[in-house]
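Note that the chains take the letters A, B and C in the order they are written out, and that residue 1 is the start of every chain.
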Amino acid sequence: MTKLNAGETLKTMQEKSALVHHITNWVTINDCAQIVRHWGCLPVMAHAKEEVEEMVGLAGALALNIGTLTLELIESMLLAAKAANRKGIPVALDAVGVGATKLRTEQAHRLINEAKIDILKGNAGEIATLAGVEAEVRGVESISVGGDITGAARKLAARLGNIVAVTGAADIVSDGNLTLEVAYGHPIMGRVVGTGCISTSTVGCFVTTGKDYLRLTAEALACFGVAGERAAAKAMGPGDFIPNLYNQIIEMRRNPDALKLEAREI
Amino acid sequence: MTKLNAGETLKTMQEKSALVHHITNWVTINDCAQIVRHWGCLPVMAHAKEEVEEMVGLAGALALNIGTLTLELIESMLLAAKAANRKGIPVALDAVGVGATKLRTEQAHRLINEAKIDILKGNAGEIATLAGVEAEVRGVESISVGGDITGAARKLAARLGNIVAVTGAADIVSDGNLTLEVAYGHPIMGRVVGTGCISTSTVGCFVTTGKDYLRLTAEALACFGVAGERAAAKAMGPGDFIPNLYNQIIEMRRNPDALKLEAREI
Amino acid sequence: MTKLNAGETLKTMQEKSALVHHITNWVTINDCAQIVRHWGCLPVMAHAKEEVEEMVGLAGALALNIGTLTLELIESMLLAAKAANRKGIPVALDAVGVGATKLRTEQAHRLINEAKIDILKGNAGEIATLAGVEAEVRGVESISVGGDITGAARKLAARLGNIVAVTGAADIVSDGNLTLEVAYGHPIMGRVVGTGCISTSTVGCFVTTGKDYLRLTAEALACFGVAGERAAAKAMGPGDFIPNLYNQIIEMRRNPDALKLEAREI
């Protein structure tokens, strides 16, 4: 088992209170902004091509999400990502719906080929599609994957020289050499729209604190999962899960030293 | 009274877990996605003209909503609706704000004339406007209707060969021959933004289960109304009504056989 | 101290139930609509350039917000604002993120120069930037202001012949002659995304009731602050603050005569 230092990361994150610039989807854009604020960072959502390069220059991380992509939005994402790359600002991409339509698959490939995506995140079907493994993605849900998703994530990370994260019942995070399994969370999280998106925003917050993106991504997913477990215990159902999740994040920040989280090398 | 088989429909809906593709408005897009998930279907929100035809091909229904229309969005709606028509996938349209501005009235007419809208839904002022009956619509609220809205809905459905649903204190659903009144719900639902939009998403879910769109639309509105009644009893006020509504939908799905719902032929 | 007549304003507001037309951002668009409904007015969100002039003609106020601006959206804002100006309908602008990027600063200047913005609202950094005072704005947060913000607001209001409102721990509202400090609210409001946006929507509601925009803006911010204080006492944390805020607004409307609010001339 690999110990995670999530408590220290949480403290650094709040001290820095970095800007996390999002170019995201219109479904969960409010949730993405809220969760960044609750982790102690500053969200900004800005997608006009005239300002994204300047805006990302102020930021500690860039979070991209193609959930409601258009070609125009992809152009803004590319401008922002390239500007982030030039300045060494980490870029996270949530590959929402890749595999469901040609547009999503092509444009996600374009993003990972034309810019450096430091952390590429998706569900099994989405990452399998980008890795060239057969998969069925229905809308934004992973229905089935026809191969070894851990191996596919590892190879994809090695090829891209980045971090690949596959979210699911247990999450997989790989840099191509080391692959970690992060096993926190609660089934209710799969029954609420937007948990995938806000976990990417969470990764965006955590990677503002340092350069070890593998560990920071694992810590982000672990903290997010634990907050989800705690929120599930408080919520009456999926309908009030997200407000409870936010409040549990606030609680977690109050007592960061109590966090004893681990990841498993696989 | 006509008995509704909502319990059986709920079970089929969960088993199929069909995709409900939305091209909707930016105000309630999150709620539309959430409610689809809570009914046991899979939401996808996708509006890029390059992907809507492919996306709708994966779906069990298409839900359109012109609440924040632009001409570009209408083009995507037409592409998606025509693709759905070719494949026999049902199309529901929420005619938000029709009658308030020329743009809305013209573009709604364009949608119902250039594509087959299987279920056309609106408040009294919106449907009256589309039926050629005098009405006042202020923004997205029906202020007054200068004629018989039931008759107008019936004639409009007969002319379009589809289902017309008029939502209000009691809902009216007509196929031009049979007209049903569905009388569930709670006044609080009129004091929260988005209940109209998410009831259309609910219709989208129910019509993924079969071809009797008249009955399925009536069942959708009845179940939505009952969930609303139960949520009103739990909520502290309009502010926490929607989370409670979602939780009541989850409860309803746990015990579908307990649902004894009726509609009245009018 | 200046007494505010917020109770009377609340009653007038509900009787008139005016439309408040928004061209706003995609992050908080749902919250903006909800809060208008909860104050007893009718929200409509419409941004297509083909309809904004007609829509605003039906409205009691226009609320603009550049949180997720594009040049296209600015064009719609200008069309709507000029149409509102011609008809004497008040226009409120939330200058979100001005100072963070050139685009935001330039386009906000364009809005206040090419149309009459009756109420210009922002945080200290945003208003300082528009007043020509040095300031740091990171994303949408005011980080620091290098001068006297009250004086800057007063001069800006005098120059523009309008109302300038600076929100913060205490709010400042000036017409260039009279400057009021409104000191209600709770620190939690700064830890939730969207409170700034929905306070602008609140101003939009209040100014539908009369022409004394200085007093009405002060009343709006005072009522919003008091509702926030009461919601803070009920909420478990920032995660469920907004639903509680909405419910407290409903409570406030039930007993408007109990409101004894004041502003301080500064």
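By our rule, a residue touches a chain if its C-beta (ideal position, glycine included) is under 8 Å from a C-beta of that chain, and two chains touch if they have at least 3 such contacts.
What you see is a predicted model; the values in this text were computed from it and never measured.
Least-squares overlay of CA atoms from chain B onto chain C yields a rotation of 120° to the nearest 5.
Because chain A and chain B carry the same sequence, their contact can be compared by residue number, and under half of the numbers here are used by both. Chain B has its Cα centroid 33 Å from the Cα centroid of chain A.
Residue positions 26, 30, 240, 243 of chain B each touch two or more of the other chains. On the side of chain B, the complex with chain A involves touching residues 19, 21, 26, 29-30, 33-34, 37-38, 42-48, 50-51, 54-55, 58-59, 240, 242-251. Chain A meets chain B in the complex at residues 25-28, 30-31, 67-71, 97, 100-104, 138-141, 191-194, 236-240, 243.
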